[in-house]
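To start, the structure under review is shown below, and the notes come after it.
Order as written gives the chain letters A, B, C and D; numbering starts at 1 within each chain.
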């Protein structure tokens, strides 16, 4: 049968890095910071994970270092967009660009290779039940993020900060602090996404290996309306479309068609969800300025 | 802009965020170089010599053609606060349309060239307009619709050139070479073609529209406050559609120029691999889409790209350094540069203009 | 030290001011229940706050006793909000000290101020529209269970407080769905939840009907009776006289007068506010109406505007009164072409414009001064010249081929700056550099310059001080007298009363009776604005609870 | 590997001959390009000359690098890859005195100053396919290619043909990595391999460039087998990689330079099984130490050797998908 457990496994593996990054993106979105630098933060995570695992021999240290490095890297966005009030979109583009340059530069100066670093001695993450532990972590993160955002004090404050920073400030909640926290946590999650990609999905680093996954995460945030569960569904949709695409190649569909499939499916899903949303809320009137 | 440069203007220019950012980028880049044991002076010297020297200037100008073309394509909607992330798709469709026209047009060669350019522009425009329609009629944000539409376009072009349009016997996914004469004339023996003139003309037209026409004024004001222009009767959806179509036409033009220049055929991936779309976008963002600034930023990035490759050939410094440099400049500038998009009404902070001045 | 006010109110102001500003010694007045020797609830000394180009507070002293309702008055820009921001820890003063209950304090953020027992309702609401009432009330002071927000406890708390203070509002209602009167309650509940002993309310009644305002005052009085202290920031004389115990008047950042409410008059306060005698509530002579310019019949636009009929003739000003949120803005937007019309018919000078675009309506002879001058009426980042060109750029300023020579725009800007007395150093400065009053002049000047048969104008003098108000009113009257039709929406009843030849009241999207100029006194209008009955807020509460 | 460094080190030692190699992609872990660099170095050593490697990453940098190479006028400019056909044709015409050596491709027109060395990989892939056909338990063998292009079809179609030659009932299938960076996306390559493995395919030809490592990982996890390309890739996944289609780019570069220096320009040399330019690790000396699975299957090797002999003698011809 076409839909089988292998397809699902494949989809789940493919979506893990996207899911982790998209959760980070969703937190930022909720805090009112538009984060399109997920791709770059993830790539920094990939490189740090591989290099740390290589030099220490421990993939776990690699994961830890990836989370820390990507969080540190995310400070560019935090300082630029929150403290200096720069344009988040421009900063996000720059964060992505810098990550490609920086990791390629370091790949050459640290490992002396260009393109790909791979070695049989490079320790990847162990598999538990067919998945890397970070896969389970990603799913747990969905649950945690859901509870955090909807029920936890921190989440309530974060949502308030994202919606009306002035109002939060008058109640003694520092929007800056919450925005920083959201960006840093997104950095951590992107770092984990990178570690999963480079030590879980495969065990190697290659230049620009995120290959657009960060952008998909950005789209997943929009499609999932920045809700953890929504983001999960969006990532799942994309993962399934991609995994199904692989299958369809086997049925003779040209590679170019299967390449395009996930994007078309995502766009179609966006059409449907936004059309429905607009049908529901014709009443909201004065929000035209807030729509981006 | 047309003021006589006096001392105040000079000091203002020196204190401008642009100068500051470029200098910061250069300094941080130098620290990187020292950190890896290289000589910053030699490296930067190699960048300058390799891009502006006699042997490099041709490459800089031909790279600059594509970078500037894409930068203009992305600047036009950006001026009104719209971000077109689908440049790659529009570029590729422009290229393939030009290739098909070039291969199958029954007209004499010079007319075919014109027709191919027009076909490229039309294809790019139509596809970009599709993204605008997604925003206007389905409420999918332009940023996302243009990005998502870009991938299928690239896949479509890839399919066409792999199967129906493939050059028989070639082991590459490429079309046949365009017939003799179906090419943009080059300057002397250089790689610089009339394409550069076309793009520079487009830049001039953009400058003129921006500063001297009513529609340019409306676009600028929309970028600063779209509710303001809507209130004054500027129709948002129509403007989005027209701006995106223009943007796509320019991207398509770059694609057509690429196909009508050496090697005179459409080769899968050749148009997008050098990343002109991203470089162009960053140039446009850097300049806040201001016409003159966009031209200067594009030239600056072309210099960095060509110079970086040359630096790698002559010194042992990886070319990624220039990419890092480019990104640092943008980070520094972005942190100080604010776009009026999405601005809250209560914001009264002065807005830094991204003009290079 | 007390600054000597230099105007004619100085004499009267001086004596009670001395009495109020010293906490020691016998006092002639006994505001509230606090014993005279007890330290004041709030004592500001020599507060100075400077913004680039503006001295917002200049050595301001303010003493507020326990259990007192203290009014802080002043024109727009006098420094009231700034002073309260300083007190509330949102702004650091450049000089001066703050004492709460006699203890010197220094707040670095509102959290500190709240901890010291202060609470503030800000000018314009500071609420989270997507959150529920309960979430808004407990935000940043949440009852918790295992680190999670204890929603049941939050709801309980809201109900308790609501009952205790007569501020009924449904805890689970989304704040975005509440009418303004109820939002005001949520703001106050927020403070009570935090146990605020001193409540600062910055222009709390700007958006309330007189009846809602009265209900609010009843609540404030009962809070004061409980021993809480209230600082009421306002520029409405009626309210001050009705509710406060003492008044401090600010002018240009300085204390202009300290008055005891019982011993002062409206004229005295107004004079202290402006520094000269002012003719309160000027009423302009009526116009001479001509042909119908705007004819609206059965107009509906979504839920906000329902079956509205109205006409505006050349040479008359028709005023629309109403509490904010009853569809006035939506009506104007529908007329301006910014909101789709669901049914009905609109003609302008005989031309059907029901479904015309905004641009076509302007061509047909309409100009429009919107309510929100920063978000809608201007592009603050653009230059004054660019802002003044908007709307004229396709007509007067550009050639037939769509060219827009920068010189033409500059010349046009200079003309308007001169004609309307806009204070701008050059036409090239960004509009954001203009003061509120000047920005409003820019906006009104630009729209009047169209010489369009119909002018739609919303809140023409909101946030503008008295000098500028009179100026703007004169311009509008002159425009009317030149034979144009004007449709005026204002929340200021005195403005409507003073300018309009006929008055309509909008309530829940509908327009009721038309009042002639002499019928339209503030009492009548106030009643009509509340839907004909003073019980309206109560009714809305019940709706909210029913959800 | 760190080729840029080498070139800078050697740049000063003039006197002898000078050679410049321009690659279409970064050398990195690209075994094929690494071998070309090795060949270039041995040529430089043999002629007491100097060598430079210019690494490109896209069409624009390819053109700029070739231009820079031409401007420096070395004794031989070596170019590896199909991508250079148009550029070399253009430059060769403009610079008739400059000798070029193209490896792995040739210009369509012949030029006096352009020599070419091409490979018949399909012959080697065919033999690998035969091994797979003989070893497969499930009777299903597949391939993972970078992209659906003729040049990569050379690694999948003959693989299927070889398997069917020895086991006619074998079913075959090919997957293409595709995506946004097909040459580097090992994660996608791995998933493509998995999609084959989950359908029961147990022997996979890996022609996924950097993605090969992903293919090996996938095969290893499922206990299946894979085939490498260009060099001996068995050590990267011992017990999983059965054999490799060896492409002696180093030999082609070294011999090519030799010929050009000898004045034999304008010729095309084709390397296949017969010339020893294409081979399998299993058919070379030192199979025992190669860590390849095939070392344990002498019987299979015997059969494959026979096939090879037939191809070498011309009795058997392998279809070249890239020639279609």
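FYI, a contact is a pair of C-beta atoms (placed from the backbone, for glycine too) under 8 Å apart; a residue touches a chain by one contact, two chains touch by 3 or more.
Owing to the predicted nature of the structure, the values given are computational and were not obtained by experimental measurement.
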Winner on C-beta contact pairs when A-B is weighed against B-C: A-B
Length of the line joining the C-alpha centres of subunit A and subunit B, rounded to whole Å: 27
Where subunit B and subunit C are represented by their mean Cα positions, the distance between them in whole Å: 47
Whole-Å gap separating subunit A and subunit D, where each centre is the average of the chain's CA atoms: 36
Per-residue multi-chain contacts in subunit A, two or more chains: 108, 114, 166, 254, 256, 259, 289
Residues of subunit B touching at least two other chains: 151, 162, 227, 230, 318, 345-346, 349
For subunit D, residues that touch 2 or more chains besides their own: 4-5, 55, 147-148, 180
All chain pairs that touch each other: A-B, A-C, A-D, B-C, B-D
For the subunit D and subunit B complex, residues of the former touching the latter: 4-5, 7-8, 52, 54-55, 57-61, 63-65, 67-68, 71, 82-83, 85-87, 90, 94, 105, 147-151, 154, 180, 322-324
Touch list for subunit A against partner subunit C, complex: 147, 151-153, 156-157, 159-160, 163-164, 166-174, 282-283, 285, 289
Complex contacts: residues of subunit B adjacent to subunit D: 55, 58-59, 63, 66, 151, 162, 168-173, 177, 189, 191, 262-265, 267-268, 270, 273-275, 305-306, 309-310, 312-313, 315-316, 318
Residue ranges of subunit B touching subunit C (in the complex, touch as defined): 211-218, 220-221, 224-225, 227-235, 340, 343-351
Residues of subunit B touching subunit A in the complex: 32, 36, 83, 134, 138-141, 143-145, 147-149, 151-152, 155-156, 158-159, 162-163, 227, 230, 278, 281-282, 285-286, 318, 320-324, 326-328, 330-331, 333-339, 341-342, 345-346, 349
